[in-house]
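Right after this note come the structures.
You will see subunit A twice below: alongside subunit B first, and alongside subunit C after that.
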Partner chain A sequence: MSAAVFLRALRPTQIASSGLLGNRKIIGHAVGRAPLLSAVSGLRTPSFTPPVVQQSVKQELVKDCKQEQDLFTDNVISKVNNQIVKGSHGRLFAVVYIHGHQHLVTQEDLLIVQGVFPPSIGDVIRLEKVLCVGGQDFTLFGRPLLRKDLVNVEATVVEKTLSHCRIYFYNRRRKNSRKTKFNRETHTLLRINRVEIMQKIDEVPEVEGVDGRIF
Partner chain B sequence: MTSHTWNLFWGSSFVRTPLRNGVGRYVQQLQRVTFKFCKTHGGSQGMREFIEKDLVDFAKVNPGVVVYLKPRRHRSPCLKAEYLNGEEEYISAHNLSSSDIKKWVEYLRMRSGNPVERLRKYQHTDHPSIQGPWTPWTHRDPEINVTEFPSEKLSAAHVTEKTATEQVIELFEKQKIASGSNTS
Partner chain C sequence: MVITSPTLFARARGGDRFWKRRRILSLSAHYFGRKKNCYSIAIKYVNRALRYSTIARRQKKLDLRALWKARITGGSEELGTSYNSMKYTLNDIGIGLDHKILQNMAIWEPRTFRGLALLTKAKETEKGLNSLDGPSVSGVVTRGML
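Coming up: the complex of A and B.
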């Protein structure tokens, strides 16, 4: 059923209120020869004069907030840098990735690493894979790691022992089949000595990828 | 015996070090080691070999540890370690080779005196929360402090997805833009 045939049955005012033409505002009815609504031109012309429709233009005033946002970020960065320079952030925490696990550590706390871990007792280690660091008022997130120049997490190896004996007992009932396995895992105890932020956060290094190393 | 029984046998504790070792300075916890062995019996062969070859190096590397040798006739060889917190550890070295004894001596050297127990957690901290522990109001809008309940705005259903009508309108707008750009 073509649209032209259907519209023929309605009056212009009825067409406007029917909603067939969508949200178009009818601004007036043209007098005389009017443009055809149907694509099938020349075959059938409507006997009435269809209204000339004008699409309503939607305009919104979009406020340019870029300057305000830049001011806000600069303000926040300067506050964080102030705290870092003065050292007034207080106790810092760091999320550290070690041996496939992530741990939230602060100064003076103990951590156990399971399995083969070469450093011996008394060695001071630097934990380099830091995912985030923060204090009471701010948190710095790495993507996924933070730069080594920025954060320093040091730990001392305090002890290396074996865990308690874990017994794995397997039994197949009524099959005269049983197996016993004993396992003791090596535990390395780390004492976190310090968590500190070394630089201002917007200090971009001249050369990327060096991370403070000197070759 | 069930695993529950074994856990009771081992005992359980949290991670700890004697006297907050490592916070300021690290102190080796091994105080003295006693090597008991027989001068003639075959079971002490490994022990005697260890004493000949590796004992002096061990003593030089660990100047803070006192080393005692106790030859005892007709007795099995053993290692006895005593730690600064008064704990003692005894390991039988009967029929062990000198390399095995060396490994056990290293194990005794690197331990603190704390007994081996099932650890409940693999971490210990005296400061669990720095930004403040979580409360139900931590990530809530402080606006709720000054609203009068019941509030229509806050009681309204949370609509996360776009409704079908909104999606159709969006498609229509996109079409318009596309057709407008094509014609222009």
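Coming up: the complex of A and C.
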């Protein structure tokens, strides 16, 4: 945007006070308007100029941390892998995505799935959408999901019931207007049987991204 | 004698009063005073209670979400980040944990939550934020993968 166009976009008082005109006088303000003090203040030039300071260029010494970081990474990964292989991580929790909701589960937990859920009582299900797995000393986060081969979360369908009766009551007082509805949702109870890590964390499959999963 | 045709203009009315009142009084059984036993008084309070519970069912979700947000803010502020930073960064990285899980972790899985906070700070430093706080977060190696 050129300077002329920019100046035209400002109001006269703005142009004057902004000092964009430098030493030129203001001619041609709107008729009937008295010139404000601010209209002339922008015409003054400063009596001093700030001194030009020569800034010394500071050079930082940037360390090449790649080797250090690689060592650190390998150390951490090997510690995690040791725990996985020996099974010394203890009780694991997993964040599982099921039927539109996320749940933080461990072994022996009960889970309620609300709505239409096809598996029948006694079925053993594998919960495949795992966002996160962790124990006392480490946590693994998926972006957004972890590989199916890595984590195994199994659950059994324990019960299929209806929820408590939810009463939907709408009343407009003194208007003889009243409506009552009743609703009970189907509840499926799942018992989490196990949460396990099956593989070492740096074991990568030959072909990635083709787990046959649907996001 | 067998009556084969129905009686004209007869209506089947009434007889419902007892059970209608029983429906209401069963809901007011735990109230105090005449509200629990007298129908014309109880009906007002029972209607109010049912109306409130209907409205509250929707409100509960909003209230819980606000509570979770407060808990995540509290946990992240303790660790030197903020709620907004965590939300933006986790979304950026691709970690899809929701409010319910994050507030759960902030209380019951503190080490995991601390890991997420450090991750947030490291990612922000990579982006160029947090430069006034000093050098990058120690103990976090991203290898450019974030």
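Rule of thumb we're sticking to: the second predicted complex is superposed on the first by the 154 of 215 C-alpha atoms of A that agree within 3 Å, B and C clash if a C-alpha of one lies under 4 Å from a C-alpha of the other, contacts with A are read in each partner's own complex, and residues count from 1 in each chain.
Convention: a residue touches a chain if its C-beta (ideal position, glycine included) is under 8 Å from a C-beta of that chain, and two chains touch if they have at least 3 such contacts.
Predicted model only: the values in this text are computed from it and were never measured.
For A:Phe93, decide between first (touching subunit B), second (touching subunit C), both and neither.
Touch status of A:Phe93: both partners.
May I ask you to name which of subunit B and subunit C touches more residues of subunit A?
B
Output check: A:Pro144 vs subunit B and subunit C. Expected answer is one of first, second, both, neither. What do you get?
second
After the superposition on A, what does A:Glu108 contact: first (subunit B), second (subunit C), both or neither?
Only subunit B is touched by A:Glu108; subunit C is not.
Could you look at A:Gly134 and tell me whether it touches subunit B, subunit C, both or neither (first, second, both, neither)?
both
Look at A:Gly122 in the shared chain and tell me whether it touches subunit B only, subunit C only, both, or neither; answer first, second, both or neither.
first
In the superposed arrangement, which partner chain does A:Ser163 touch: subunit B (first), subunit C (second), both, or neither?
After superposing on A, A:Ser163 lies in contact with subunit B but is clear of subunit C.
Should A:Leu189 be classified as contacting the first partner (subunit B), the second (subunit C), both, or neither?
In the superposition, A:Leu189 touches subunit B alone.
Which subunit A residues are contacted by subunit C in one complex and by subunit B in the other?
93, 134, 136, 139, 167
Considering only the defined contacts, which subunit C positions touch subunit A in the complex?
Listed in rising order, the residues are 47, 50-51, 53-54, 57, 93-98, 100-101, 104-105, 108-109, 111-112, 115-116, 141, 143.
Residue numbers of subunit A touching subunit C in their complex, please.
For subunit A paired with subunit C, touching residues are 69, 72-73, 93, 95, 102, 104, 131-132, 134, 136-137, 139, 141-145, 166-171, 173, 178, 180.
Considering only the defined contacts, which subunit B positions touch subunit A in the complex?
3, 6, 10, 15-17, 20-23, 26, 28-29, 107, 109-112, 116-119, 122-127, 130-132, 172
Provide the residue numbers of subunit A that touch subunit B in the complex, in ascending order.
Going by the criterion above, the answer is residues 22, 90-93, 103, 105-106, 108-112, 114, 120-122, 134-136, 139, 156, 158-165, 167, 187, 189, 191, 193.
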